[in-house]
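Some structures to go through are shown next.
Below are two complexes that have chain A in common, paired first with chain B and then with chain C.
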Partner chain A sequence: MQKVAEIAQKRAIQLLNQGAVNRVLGWKKGEFPYDETPAVFASADELKDFVYDSFSSPNLSKYLIEESRKEGKVLAFLKPCDTYSFNQLIKEHRVNRENVYIIGIECGGMIDVVTLKNRGAVGLTGADDDGENITAHTLYGDVKVRKEEVLLEKCQACKGKKHVIYDELIIVNPQDEKPRDRFAGVEAIEAMTPQERFDFWRAQLSKCIRCNACRNICPACSCLQCVFDNPKSGVASKASPDTFEEQLYHIIRAFHVAGRCTDCGECSRVCPQDIPLHLLNRKFIKDMSAFYGEYKAGEDSETRPPLVDFSKDDVEPCIISDKGGDR
Partner chain B sequence: MLKIKKSDLNKLYAAIAERQTLYIPCNVSGKVNYAVWGEGADVDLSTLKTVRSAKEVFFPQCEDIVSFKKEGKNISVKSDHKESEDFVVFGVRACDCRSFDILDRVFLSDPVDTFYKTKREHGTVITLACNRPEESCFCFAFGIDNAEPEGDIAAYFAGDYLYWSPKTEKGLNLTKTLNSLLLTATDKDNDALEKEQNNIRQTNERLPFYGLDLSVWGADGLLEKFNSEKWKELSEACVGCGACTFVCPTCQCYDVRDFDKGNGVQRYRCWDSCMYKDFTMMAHGTPRPTQMQRFRQRFMHKLVYYPSNNEGIFSCVGCGRCVEKCPIHMNIVKVIKAFGGEKNE
Partner chain C sequence: MSVENKEFKPTIVAFCCNWCSYAGADLAGSGRMQYPADVKIIRVPCSCRVNPMFILRAFQRGADGVILCGCHPGDCHYSTGNYYTRRRMTMLFDFLDYLGIERGRTRVEWVSAAEGARFASVMNDFVKKVRDLGPNRKITDLRCKPVEKEGE
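Entry: the complex of A and B
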């Protein structure tokens, strides 16, 4: 990974010097191994703080909504899953493709700091990644864990190592495509009784502190003014007065991103209460593929998404009649 | 100094809860937050930082204030203010405990916030020393001693015991009701405890933020900081969520909202975040139209405005929650350092 970062940094400087781009969107070193911040670098000097390793989890695509509208071309480093988000934004006419130079960058999976800490790495001050294992240096000694076990949820269910849009690639260590099951969690919930399911979601969603991090980080949530921020809606996006409103918020949001959510996993990554929001989105993804044929949002930038397309053979799923009730 | 065996802690919780509501960090659905203790509660005193801070016990995220109801041609108005009952909050870390002082200066100065005041009067705070400070902690930068926390009663883990030291009238009164459970510590105990406290202070010296220096911050240089070019770069990646403010023990802003109930209105208050677009929205619009301005507000308030109204005291206690929870890892430490707030080793 160290190598990948060096190549990326060199290439960025080269493209800046050639005048092919006038700035670079990447990740900036923090205080610890894990607190990297997305940043725009404008010079070789600024790029000294560029970093790319198994903690570069933030998806940079959403920043390109603004960045691609500015003067001049921006170089953006996108991981495989980030390229799906970018493609989807092209489809929704939210980014100006012409103004972005994309380097698809290899990804060996990103680490979930919360899981790493839960596995004993409390007081985390450093981490070494040899591809197989993570050796975490902490204030209280070293902790060694298998990398596979501390990956972010989104990486445990990785969509694949293919970049679906790019101008060039940086791949030093080609990654194996391990078959990943994205829907086991959804199936477990489908297998619950309605009461169990209700209890599960109520327990999870009532932890919500309405910080809106899930919405604000989401590349599909690109509305300039969210409906929940509209004072005339009668609800306050920052208040968590009762569990009902929390459930409403999450379910409406999941509906609104259905067919557009690329499963980039950012919502679950950023939630301070570790609410498994990806399960809501994946339920929609799973059902849409079942009803309308396999569909992956962001896989390309042209095809019509199933929910804005119409054909006479479309299914008419009805939960009420399926369960034997009156329509 | 008193003590109780760790294995007897459940008895202690039960004895407190028999008389008063007991708030204590519990693992609920996988995360640790303050919750009301009941038989079978999954108490977790080893997790250092609850997601929501202890301030929610005194200043809940949402709170009804007053309701209005239409009755024929009249409107009836009913205040939702009630006197709080006595309660106990257990397991408060030194940083969170200091945050109460910061909130007091806001809510208890004129005009007094009666909703907050009654809870402060009726709450007994039992703090807990931090045996294992974490990389994001920097309480010491604000003169807070995590080995000797403030509060009505200070508690400490060492060896097989929880040590217990009442510090105020309230603390003594609560201790009296628990006499049958608490033993007197011996000299040997006191030595063990002192050793543990020294350990904690030595660990602090190994923490990444140990050298953090706030001398460039405070009431002076307001305009110079306000106009600094640095805010643009610092705020660049901020997504304008409220995660940093809602986990923060010292953030004190709230919004007042009306909920339309059809035949009346429920007026409530809820935590607000200066990171939000509608923060301090007025008839003419918002005074901070860009995220840079909103971002600057959060840190200027904590490091400059609050100190200039409060004898130089900062409105941050170094709990490090924002350091851990920001989705893009921008935080108060990076801001402090960007303006030169690091000691040369």
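Entry: the complex of A and C
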């Protein structure tokens, strides 16, 4: 991982010096040693702060909406899952592809800081990743855990380590990891009774403080004016005054990204209340593939998303109401 | 409870597209076909005008069931509107089911301008199903609802 970061940094400086790009979008250390933060670097000197390690989870694609409209070319480092988001943004004409030079960067999976802390790594000052194990350095000594156990949810359900769009790649340790199963969680909920499902979501959604972090981080949520910011919409309030509004926010948020969500997992990662938002998004992803044919948003930049397309012999909505079983 | 249940009159919101279903409702009316007065019709230019938010809003403001009616697939006045409706509503309804909301509370039906009798029978059937489900308490602004007493 260390090596990948060094190569990436060198290559970025090279491209800057050649004048091929005039700035670089990457990550730098945040407030804490484990909150790598997106940053734009404009010179070799600034690039000294560049980091890329197992905490570089932020998806940089969304930043390219703005960056790609500015003067000159920007170099962006994208992890495999980030490239799906970028493709989707091209499809929606939200980014200017010509202005971006993409380096697909190897990813060995990102660490979930909360899980790591829960595994005893309090007072975290840094971590080493050897691919198999994480050695977390803390104020109170080292804690060693198996990496698999502290991966972010999105990485546990990784779509595969293939970059779907790039200009060049930095891959030191090639991985031929197959896409993992993403839908077990959805299936578990589907298997519950309606009342259990209701109770499950009631418990989850009532935790929501409407910080809107899930929307703000989402690369698909790129509207200039969001419905939830419109005071006339009746859903613009902060913490929801009633249970309906909690449902409304989450149904509409998930619906707005249905067919466009690449399952980059950022919403669940940033939620301070630990609400499993990916389980909402993945329900739509699963349904669309089941009803309208296998579809993966962001896999390419041309295919029409299922909800802006149709076929004459689509299933009728009554297959839901007539599902049988209790109600 | 059983006595109350018999008296329960569900509030039904029916979104009807101007070109077919609304005309179908009209025909049902002029033909004096009976369907419950609890069905509140909202006319929309095309079934595809109905945004998922409309359905949710109807529930919020007190609907016990929401039905969306449009032209038969292939007959939409705007050629393809109802094809989009079909996908959109399939997705929405399955999602509501996923959240644990009774799936009998939502429905899509295709009713043409000539199908007055069908309009009435669709409404009768839907109202009956929703009446059996009882009042909507799972997706609504509960502050607007009467308090549910213990043991009910």
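Everything that follows uses one rule, which is that the second predicted complex is superposed on the first by the 310 of 327 C-alpha atoms of A that agree within 3 Å, B and C clash if a C-alpha of one lies under 4 Å from a C-alpha of the other, contacts with A are read in each partner's own complex, and residues count from 1 in each chain.
Just so it is clear, contacts are C-beta pairs under 8 Å (C-beta built on N, C-alpha and C of every residue); 3 or more make two chains touch, one makes a residue touch a chain.
It should be emphasised that the depicted structure is a prediction, and the values quoted were computed from it without experimental measurement.
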{"item": "Side-by-side fit of chain B and chain C on chain A, or clash", "value": "fit"}
{"item": "Which of chain B and chain C A:P179 touches, first, second, both or neither", "value": "neither"}
{"item": "Partner chain in contact with A:I217 - chain B first, chain C second, else both or neither", "value": "first"}
{"item": "Which of chain B and chain C A:E190 touches, first, second, both or neither", "value": "second"}
{"item": "Contacts of A:G293 with chain B and chain C, given as first, second, both or neither", "value": "neither"}
{"item": "Angle, in degrees and to the nearest 10, that opens at chain A between the C-alpha centres of chain B and chain C", "value": "90"}
{"item": "Contacts of A:D35 with chain B and chain C, given as first, second, both or neither", "value": "first"}
{"item": "First (chain B), second (chain C), both or neither touched by A:L307", "value": "second"}
{"item": "First (chain B), second (chain C), both or neither touched by A:G19", "value": "neither"}
{"item": "First, second, both or neither for A:F198, with chain B first and chain C second", "value": "second"}
{"item": "Which of chain B and chain C A:L124 touches, first, second, both or neither", "value": "first"}
{"item": "After superposition on chain A, the shortest CA separation from chain B to chain C (Å)", "value": "9"}
{"item": "Residue numbers on chain C that touch chain A, as the complex places them", "value": "52-53, 56, 59-60, 73-74, 80, 83-84, 86-104, 106-108, 133, 138-143"}
{"item": "Complex contacts: residues of chain A adjacent to chain C", "value": "189-190, 194-202, 227, 242-244, 247-248, 251-252, 254-255, 258, 280, 283-284, 287-288, 291-292, 306-312, 314-321, 323, 327"}
{"item": "Residue ranges of chain B in contact with chain A within the complex", "value": "28-31, 33, 48, 51-52, 61-62, 132-136, 203, 206-209, 233, 236-237, 239-243, 245-247, 255, 257, 259-260, 268, 270-273, 276-278, 323-325, 327-331, 333-334"}
{"item": "Chain B partner contacts - residues on chain A that touch it in the complex", "value": "30-32, 34-40, 58, 62-63, 113, 122-125, 138-140, 203-204, 206-207, 209-213, 215-217, 229, 231, 234, 236, 238-241, 266, 269-270, 272-274"}
